[in-house]
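These are the structures, in structure tokens.
Each of the next two complexes has subunit A plus one other chain: subunit B in the first, subunit C in the second.
Let's look at the complex of A and B:
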């Protein structure tokens, strides 16, 4: 029942999102024919243009186009990329694993390291270790991603020649070790760009909990500071940390887009940028809906985890459900 | 009996304790030169307005003050153990067994994400980490029963938000008692509760303390609470103890003008149709504390010397001391506004 309601709200959100993206993309200035025909589009006569637009279905009013797109999409036909002249699903399928690797592993690294750093800083609050980490962290989060990327390429690819500067694999292919070598630099940039932001957040969230009365009670029974931090404070801070994690998925995804571009990494990010830049409508639609679905599902996931860990949220939800049942 | 043997017998021995907090506005002297002691099986109430240093005093005894606090004391011993120089690790081993604490607000002093039973079990395990699971459970149920939580097996799995304020404070008490402490410090344990529940919790506190033979320090701003539960009462003002004695002495024979003011402002003393008495003015700031007697500017009976020199504690009886120049032989006689015939 609850699942069905959530599914409905997910579909409704995606529908609204699809309409918005459809209209905005088509109202934005630019020539989709350039994307399809390249330089040739600029030499076309007005009659040729009109014919080609009709062939690609771009001549009808936007709402007619939208209904046509929606009908096709519901039948499983998501359209063809103007640029790649291939089914959009095929285009994305080739790229998605690259982004999942960079973004997914980066995401896991960011949040596990942030949690560790946050706990360390909270445990040694105000002492030299905490102060040094805070200063270093602030510094690291101030470094622009593109600048750090170029610096790393300069050091490790140009001077030291130990790591590749771009791409996801060598031309001749080299297996897992090769892919790993290609991941090191972009991953470093993705992690440094976001790490401290979340580490500082969890540090402060934990320190809020450390000031709570239940910490005094637990400590007055003889529990040590570290034990109270791990058993009580972390438990209380975790629900909000998980929500932040879920909400930050698109944020970190967006960060990987910049990094992908600098390192010419063949992922969704570069694809997304291209499709918006060159009016590749059908590709843009699918990428936007995909990102939207990820955001919504992540939020729902955060809510579900929240309810499982924090009994107060669970109790409030149960009361709501009961009230609904009576109403 | 030598002084040392006498001291070892005391459950709590505090001598000239001062607590100073560093703050951006300068050092705040929250507790100044406080000396008190407690015998096993005794309840000492500490009465005073909010901000008079009661809580800082309690936390100094537990060594639970934040790092920004500086504690100085000639003596600070619990059950004969001098805790002044102890490290945090040593203190962890003592807290819970030697002394434990109950806090003001039962709504916030329990971890909201943890079941009641598990929280009490954690306190039981704090000093007996190797205890068997069913033994822990038995002990938790026994504690819950002892603090008057009905049907412990059913309540065991509830969360703090499932319980009423009174029930939560009982659970807090169970946690504090888990390792059979010899000294229980209760910091305003009834303030956040309904009046009807306040009495129940106070009686429970006294019964348990008598039953265990433990000593208790009961901090309150409510004179009625002190009168109901305490054997001895100390009155605190601006970080100092201004009067200390048996509860009878404080209520029937008060000597300090501040104690007079507190007693006179009890609602039960107000004549019908007359407004409640209130001590004029506000407590002084303690950074730095005023020169002389901190109460002088609110004191109708203040003498010239009060503005210049803080009064020492004058002995009234072997158990009764008060810090007011009115007790100096050279002071003029003053007719007391309360006391003598007072029955609270």
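Let's look at the complex of A and C:
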């Protein structure tokens, strides 16, 4: 029942999102034919243009196009990329693993390291270690990702010549080690761009927790600082941490997109950027819906986990359900 | 109060009686001075300098910093020292314009949502969530494309229009919490209208909690501008900004011209750092009690 309602709201959100993206993309000036035919499109006669637009289904009013797109999408046909002239699903399939590798591993690294750093800072609040880590965090949060990328390329690719500056693998292919070497710089940028922000969040959340009375009680029963911090404070801070993680997905994803563009890394981000700039409508639609779906699902997941971990939220939900039942 | 209580975190009362909150640490004098200097420099230098930042001089292509060109020249032969100041003017104005716009939208949406009946509130928040779910960079590129060739106004508009969601959420939460409080009820009893209550009773309260986010939005807007211009989706090359200066970095990297990458970037980072310090100081004014750990 609950699941069905969530599924409905997911579908509804995706529908609204798809309509919004569809309209904005098509109202934007720019010539989708250029994306399909390249420079040739500019030399076409008006008759040729009209014929091609009719062939690609771009001549109908937007709402007609939308209904057509929706009907096809529901039948499993998500359209063809104008630029790659292939089914959009194929185009994306070739790229998605690269982004998952960069974003997924980056995400895992960010959150495990942020948790560790946050705990460390909270444990040693106000001491030199905490101060240094916080200052480092402030500094790195002020360095735009693209500039950090440029800096790293300048140091490690131009001057030291130890790491490649772009792509996901060498032309001649070099196996896992080669992939790894290409991942180091982008991964560094993705992780440092976000790590401190979340570490700082956990730190502050824990510092709020540390000031609660139950900590006083736990300490007075003789429990050690570390035990109280890990077993009591962290447990209370964890639900909000998980929801922060879910909310952070679009941010990290957006960051990955920028990093991919700077490093010419063949992932979803470069694809997104290209499709938005060059009016590759069908591809853009699918990418936007994919991003939206990921985020909405993550939000729901976080809420569910929240309820599971935190008895207070569970109790409040049960109370509300009961009130609804009676009312 | 003696040593025994230190074990459970109790401290002499004298220390607690003077909370550190109202004395919010050091004032960020350095940051404020730097920002003032930057703003002043960006306002005055373009008037004083004889070199035109946009003029291209291909005979002085990618020159290293020296006596004539203090910060060197870029790969189009433009003087980087002159570009820093006129570019800073553009970057900073976009930062402030975009933030002003996003704050106005955020307060409007948040207040409406906070004061609205439950169904409308849920609807607005659902929409806000959807907007938050789209990577904002993508939205900015899309909207920028819709507005045609980018200029300072259109870029500020686009960045401002995509940056209001998180502030709106905070405003909405605060307003919802505050609207049931006694003093709002009292004001209403005395015949205060919705707008009057919002302006006189609600705004002073939520302004404190969004100030930090607003200052951080300035930072976000400057970063967004530079990132977009760097990627070639923002300001064109002939509109000098810190971001569009860096869009030449790719050529500079192959030429090994470190100053083209480093100098505008350092100015950018230093400014962002100063803005952050200011924001942090605003946030620190919120009181924090004694640790029990």
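Here is the rule we use: the second predicted complex is superposed on the first by the 322 of 327 C-alpha atoms of A that agree within 3 Å, B and C clash if a C-alpha of one lies under 4 Å from a C-alpha of the other, contacts with A are read in each partner's own complex, and residues count from 1 in each chain.
Operating definition for what follows: a contact is a pair of C-beta atoms (placed from the backbone, for glycine too) under 8 Å apart; a residue touches a chain by one contact, two chains touch by 3 or more.
Being a predicted model, the structure only gives us computed values, none of them experimental.
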| item | value |
| --- | --- |
| Partner chain in contact with A:47 - subunit B first, subunit C second, else both or neither | neither |
| Contacts of A:225 with subunit B and subunit C, given as first, second, both or neither | both |
| Subunit B or subunit C, by number of subunit A residues touched | C |
| Contacts of A:258 with subunit B and subunit C, given as first, second, both or neither | second |
| First (subunit B), second (subunit C), both or neither touched by A:213 | both |
| Partner chain(s) touched by A:277 [first = subunit B, second = subunit C, both, neither] | second |
| Subunit B versus subunit C as contact partner of A:315, first or second or both or neither | first |
| Partner chain(s) touched by A:25 [first = subunit B, second = subunit C, both, neither] | second |
| Partner chain(s) touched by A:235 [first = subunit B, second = subunit C, both, neither] | first |
| Contact residues of subunit A, present in both the subunit B and the subunit C interface | 212-213, 216, 219-220, 225 |
| Subunit C - residues contacting subunit A, complex | 7-9, 126-127, 129-130, 132-138, 141-143, 145-146, 148, 219, 223, 226-227, 230-231, 233, 246, 249, 253-254, 256, 258, 261-262, 265, 268-269, 272-273, 276-277, 280, 288-293 |
| Touch list for subunit A against partner subunit C, complex | 13, 16-17, 21, 24-25, 27-30, 123, 125, 138-139, 141-147, 150-151, 153-154, 157-159, 165, 207, 210-213, 215-216, 219-220, 225, 228-229, 233, 247, 250, 253-254, 257-258, 261, 272-273, 276-277, 288, 291-292, 295-296, 299 |
| Subunit A residues within the subunit B interface of the complex | 126, 212-214, 216-225, 231-232, 235-236, 309-312, 315 |
| In the complex with subunit A, residue positions of subunit B that touch it | 59, 62, 64, 67, 88-89, 92-97, 99-105, 108-114, 122-123, 126-127, 159, 161-162, 172, 175-176, 178-179 |
